[in-house]
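Below is one structure, written out as structure tokens; comments come after it.
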Amino acid sequence: MSDILAHNLTMQFDQFTAVGDVSFTVAQGEFVTLLGPSGCGKTTLLKMISGFLHPTAGRIHIGGVDVTRTPPEHRDTALCFQSYALFPHMTVRGNLEFGLRQKRVAGRDRVARVAQIAQQLSLEPQLDKLPNALSGGQQQRVALGRALSMQPSVILFDEPLSNLDAKLRDQVRLEIKRIQQDNDLTAVYVTHDQSEALALSDRVIVMRDGRIEQIATPENLYHAPATSFVADFIGNANVMPAEVIGEADGGGWLLDSRMGRLVSRDVNDPQAKHINIAWRPERAHVSPEGSLTGTVVSRAFQGHFTDLHVATGGQTYRLQVAASDAIVGGDITFALDPGDVLMLEPLR
Amino acid sequence: MSDILAHNLTMQFDQFTAVGDVSFTVAQGEFVTLLGPSGCGKTTLLKMISGFLHPTAGRIHIGGVDVTRTPPEHRDTALCFQSYALFPHMTVRGNLEFGLRQKRVAGRDRVARVAQIAQQLSLEPQLDKLPNALSGGQQQRVALGRALSMQPSVILFDEPLSNLDAKLRDQVRLEIKRIQQDNDLTAVYVTHDQSEALALSDRVIVMRDGRIEQIATPENLYHAPATSFVADFIGNANVMPAEVIGEADGGGWLLDSRMGRLVSRDVNDPQAKHINIAWRPERAHVSPEGSLTGTVVSRAFQGHFTDLHVATGGQTYRLQVAASDAIVGGDITFALDPGDVLMLEPLR
Amino acid sequence: MTARRWITVLLLLAPGLGLIVGMIGMVVYIAVAQSFGLYNLNGESVLTVAHWAEMLDRKLYTRAVRYSIYIGVWSAVLSVALAYPLAIWLRKPFRGSITVGAILKAPLLVQGLVAAFLFINVISFHGILNQFMQGIGLWDAPRRLQNDRGAFGVLFLQTWKNMPFALLLLTGAVQAIPDDVLDAARDMGAGTFARFRKIIAPLSLSAMQAALVIIFIGAVADFSFQVIAGPTNRQSLAQLMVFVRQTSWHEAAVVGVTLMVIALVGSLLLAVIARLLLRGPASR
Amino acid sequence: MTQARINSVLMGALLIICAVWLIIPFTMAILWSLVDPAQPWTPDNLLPPEMSTFRWTNMWENSALKPALLNSYTLAPTTAIVTLLLAMPTAYCLARVPFPGREAAKLLVLLPLVVPGFVTAIFFTAILFQLGLTQSRFLAILFAHCILFLPFAIRILTVSFEQVRQDHIDAARDLGASPVARFRAAYLPALRPGIFASLLIVFIQSIEEFAIAFVVGSPDFTTVPTLLFSRLGQDFIRPDAAVLSLILVVPNIILMLFLEAFLKSANPSLSSGKA
Amino acid sequence: ESPATDLSKMSWDDIVAQAQEEGEVSWYVWYFQDRFRPVVEAFEAEYGIEVTIPEGTGQGNADKMLAERGRDVGDIDVFAWGFNDFDTVDVTELFLPLDMLPEDEGRVGELLGVDGKGHVVAYWGNQTGIAYDPAHVDEADLPQTADEIAAFWAENPGKFGFNYEKGGSGPSFFQNMIRVTADLDMADGEVSDARLTAAEKGFALFQEQADDFVVTASNVDSITRLSDGELWMVPAWEDHLAGLQNNGEVRGDIKFYIPEFGMNGGGNGVAIPVNAPNPAAAAVLIHWLTSADVQTMFNQTFGTAPMHAEADDSAALVPNAQRANQTAWGAQPFRGELEKAFIEQVILER
């Protein structure tokens, strides 16, 4: 058993509260992702779980045992450091072996395990190099490999793939998931990459300024963000205030916004008369029959889609459209499905 | 004038060739991105341009002057380090000011410039902290700000945004582009994020194992990759060998591949009978009338699309489809437009 | 290495190593020459190995060699061994750490001779240690502790005087190890000792080598502690040197050159052994 | 156990050790310095049978102590600083410029430490005399002390120079820093402990050195060790020696604290970002 | 221009005149500097020449003298040293011949078997003997022969201490013990296996009772431990003991005697380095120091044995009867070999 229970965790640096009164659980074998803006306290949280930081308040249980005061070396956790923290005097092999040696894994098994990890992370040619002769991405993979090779019951990842290219990232992501599942590890994963978060996680914890904003499955998070912060953060939704005018014909709610009249057929009912609503850039479809129009202010090619900034009603919105011949300065007409207009928290 | 000319640059570490015989130019005011797998030599190349590494062979000109032997402090370049390399004993403000002080920028201007950069990078609350009290993303922004504040004629970025969340990354990316354009800086940018590369760059240099694989504008790179490596690397295309059977009715070429018969209407003609072909996952459209079928082996939710791995003809391909109800184990039928089937380099 | 590079190296070495070799090289030569009968202060100089033969033949000399090495090695090892935990403790500043550091370093500031006399006073036949032990009833009669045969007194004094030096060097080195790296080791399950053995020691190896070597050289050549607190049935090399100087300059020079060789070879060996034991970073 | 608990336990242990380490020796020194010449203090008495400040006043008034203090306290700091400056380039080279024979050079640096004392005292000073450096006794001793104590400074600073992180240097250069600015931004923070250590060690060595300071300095230029040694030699006046060493220790401790405060101003661990 | 040649050709009056012109003289003496300073005031008053007695140690002074050999003009005018120490250097090369001094038969130019060769004269005579604690050892029961010493060891184990390496009083003790036990003629400097084998009879005395005596670290250590009550008897120098008592460093009630089996006398000499800055003044000071009057005064002030035939030696610390027990140091090289053998066979085997 190695579920994690965090109970009212708070971490203060002098006056500054990096993590404030955070509670959550991670079940045995679950893969949970921490998502949130830079500086919101993700690393701080991981460091409390692994034991480097002593929470100012609150308790942490791992596998049912209160470990709040247990030193890191006695917690069966492994952290893949955001800063890598490789041992500069050891070769890649030495780094990868380190944890296994501490666990007194027999020589043979150790060699095999290291060989396997190196192969999974494409590190074989680097095994005998010292960290300072490695590229950034190679260092990051060593840091990741060092944690993975431990196969601890709780594994914590702090942006383990940020310096890898998309292809490698995909490959490594699969390996991470495989190792986690094969060994039934409890995993907490920090990433800035939403697609990573959505693809890997059983549940996602969205943090903001040291507090938890929402905990949900990826699908729920995407389709039913609890707040405009989440909607905006996940998938870059266009958020705006709106007034609920009443129920629409054919189901859903009629809304009045700066963009004009909209219909929402959200899964949730509105919580107040004045609320925030959101819609996602990729949900707009360009069509001459659309009820919405705007002027294209900027355009950024993104491969299989194009990012547009469109001004309408004095506001700028973001649209993601498939290959488009929209030109900057020209007008564009688009539509939103009622199902894609999300109703969020009440306005304060 | 501050164009960059790299002529047959080679960098060897002992026996290992990190960069081999690389030549390219970057025009004054141009924004060029280096793209390539981890360890392919991007950082090495930047370090040669900024003067920390002396090329084993080859020459570098900046603004028409041979700077191959010019020490870094006499090159008007600024590098945003992949490892941040912040001065640990200086506050964020001290770090941001450092370059300006060296340039003897007057106190007032300096304060103004730092204030502006801090604001653009959302670093204001951190200005008086020491680097080791910063989160990873905050450190990265300081590193970036330190380089940006210099406004040198050549600015080099080594993965400056890898530790930022998507929203912040978008914001900072715009700032980078704005500063670069406003000051007409020549920029070389290393990133692992293709969308970043495609969105920001005038041209992209794709590297592989220390050599240049292709130099092209983002659009060209995407639509007309020169090799299967590029096609695969940019946009994760499905690459496979094929035999050119002949011209198809209605234009294009008829191809025989493991997936069956395909038609390609690529801009280029095939270069040999046996070639590699590629198609992009997001170009497949699921439709009952599709000529291609496969079994879904895995499925990863990615927000506004879903990643599928589909097995057909003993091979697995990747498909990106809009919200889909495909289930793992079930069959899926899809089609490819002839314009989306790319013909690449001859098979060796 | 290009010629240019060599010139840079030589220019950099000039004010330090250059001065040393230029000035001391001559002195070393004189010492060696004197041990072979040259630079006679008392009559004619004759090149001869007789003085070496004479000294190598004496039990006094061979004993002194062994004894000095014993003192040198143990002083260096003990000082460093004691300094390490303290340096690690003082790695992170805390309330009072400056004071603690200053207290620990204070012995550096006490003249060695004075320290030795004070020490002798404490352990002398009627000194406070004897009085204390008798007072608490552990000993019935005073014991003769001074000039003990195992040279523990000398080792104590050496450690007392040198531990602060080792501490001074090691604190800096240990502080330079990033927190993250130590945290990573803990995270991988490395306990205190493993962390020391595998991370701290290798990463501060070069400071440790410097401390070992400098303390070793000082202790091998110890004179003042030895004459005051050392065992009386053997002499240290420095003591022997002064002793035979009363009769022959050349024999004193033989002892002196022996001392030099032992100091240099010994420090080389110590440094190499430390590195092998800890497999530190290959030179950068 | 928390760090705080560990600290307090260790502090307690330290207090006890301190008693052995410092309090006993220093108390003894103070008591010895108070021994009145009328009655010797034999260790079977817990306290000196008769105490007075006679030794202090006598030493202060009837010896060359005042000029000796002045001489020692100009000589030692000057030696410390000059040695530091001379050592820097070599230490830099040994730490950061790979060249064949570097290990041998590191060993050669130790030469002044291994040369037997009497050889230094007779022959090294003879060379100084021959070089005609004795026009100014101060400068001659300064020069000799610098050479003798260079090994300390070089070896200590070599260690520090090794700890300077290359990417900090690179960053400073990249931002256009002049050599001075580069030194201050990238090197100095890592060098601080080393500079402190070598200043302190060389200062102490210089202030304690007797042989050369005596041979070159006598009779015009007296330093404190000359007074001390002549009282610990044949005449063996322990109370006077205690007075002298206490007179030396107190300013030294103040100096050490000052240096420490001056050089250690906030010592953030030298890491951030990715190693 | 060498001052040496100058002086030897000058009349004594001219030398004195030149000395007064020089006006100052530095006397490097390695002990009792504080007590010599008031003593030389008489000289200063008489000649108007200022005397500097620098602080220093024996070895420091010697090192300085040797280091300055190469200088044209050094710092030392008058150099004092143990008379036997002068034997380790070539006195004719380092020091001026003292032939400029007025003829004086009473001066001592040879002492302890060492010949000053006309370059060194003695100015200080002293004596080794045994210091004892009257609280424990009765004056009447003082051991006087080697056997009595051995008996004392046996009766009072751990109460007798001596040093073997530094400062001569210990060596004087064991050499004389061996001399009388093995019946050696120490005046004969010849080294032979037979003589060394004979000496082993003396070593046996020490070997058999090795646990009964203590080996101390130095003269000072011996006397201090005597004063502390740890030891009851230790060999010592007469003047050294007096000096320590005078300084309040050791107990004033400690007593001193010269046993009947005999112990060695000793002495210090003075010489003028060839590069003395004030050679004339130096000569005048030496003349003064070695004069009968001053030697008488030293005998009265310090209790030393006068180093002038005509001086009055009535003020010694030990009764004159005991002075008769003084013996001469053994001749070299046998003495050195004896010491070596003693160290190897006795000291190192403890």
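Going by the order they are written in, the chains are A, B, C, D and E; count residues from 1 in each one.
We adopt the following convention: contacts are C-beta pairs under 8 Å (C-beta built on N, C-alpha and C of every residue); 3 or more make two chains touch, one makes a residue touch a chain.
Everything quoted here is computed from the prediction, not taken from an experiment.
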TODO: Could you run down the chains that neighbour subunit B and subunit C together?
DONE: A, D
Open item on the list: Need the most distant chain from subunit B, centre defined as the mean of C-alpha atoms.
Closed with: E
Task: Chain pair with the higher count of C-beta pairs in contact (D-E, C-D) - done: C-D
Task: Centroid distance [mean C-alpha coordinates] between subunit E and subunit D, Å - done: 37
Task: Distance from the mean Cα position of subunit D to that of subunit A, given in whole angstrom - done: 56
- [ ] Can you check how far apart subunit B and subunit E are, centre to centre, with Cα atoms defining each centre and the answer in Å?
- [x] 91
Open item on the list: By the touch rule stated above, which residues of subunit A touch at least two different other chains?
Closed with: 83, 85-86, 88, 136
Task: Contacts with 2+ other chains: residues of subunit D - done: 42-44, 118, 123, 229, 238, 269-275
Open item on the list: Residues of subunit C that contact two or more other chains, please.
Closed with: 124-126, 178-181, 242, 245, 284
- [ ] Please name which positions on subunit C make contact with subunit E in the complex.
- [x] 41-43, 58-60, 63, 124-126, 142, 144, 147, 227-230, 232-235, 239, 242-243, 245-249
Task: subunit D-touching residues of subunit B, taken from the complex the two chains share - done: 47, 50-52, 71-73, 77-79, 81-90, 98-99, 101-103, 130-132, 134, 139, 143, 146, 150
- [ ] Under the touch definition given earlier, write down the residues of subunit C that touch subunit D in their complex.
- [x] 1, 5-6, 8-9, 11-21, 23-28, 30-31, 34, 39, 89, 92-94, 96, 98, 100-115, 117-119, 121-122, 124-128, 131, 160, 165, 168-169, 171-173, 175-181, 206-207, 210, 213-214, 217-218, 221, 223, 238, 241-242, 245, 252-253, 255-257, 259-260, 263-264, 267-268, 283-284
- [ ] Could you pull out which subunit E residues touch subunit C in their complex?
- [x] 59, 66, 85, 88-90, 158, 163-166, 214-218, 221, 225, 228-230, 336, 340, 343-344, 347-348, 350
TODO: Note which residues of subunit C are touching subunit A in the complex, please.
DONE: 178, 180-181, 183-191, 194, 198-199, 202-203, 279-282, 284
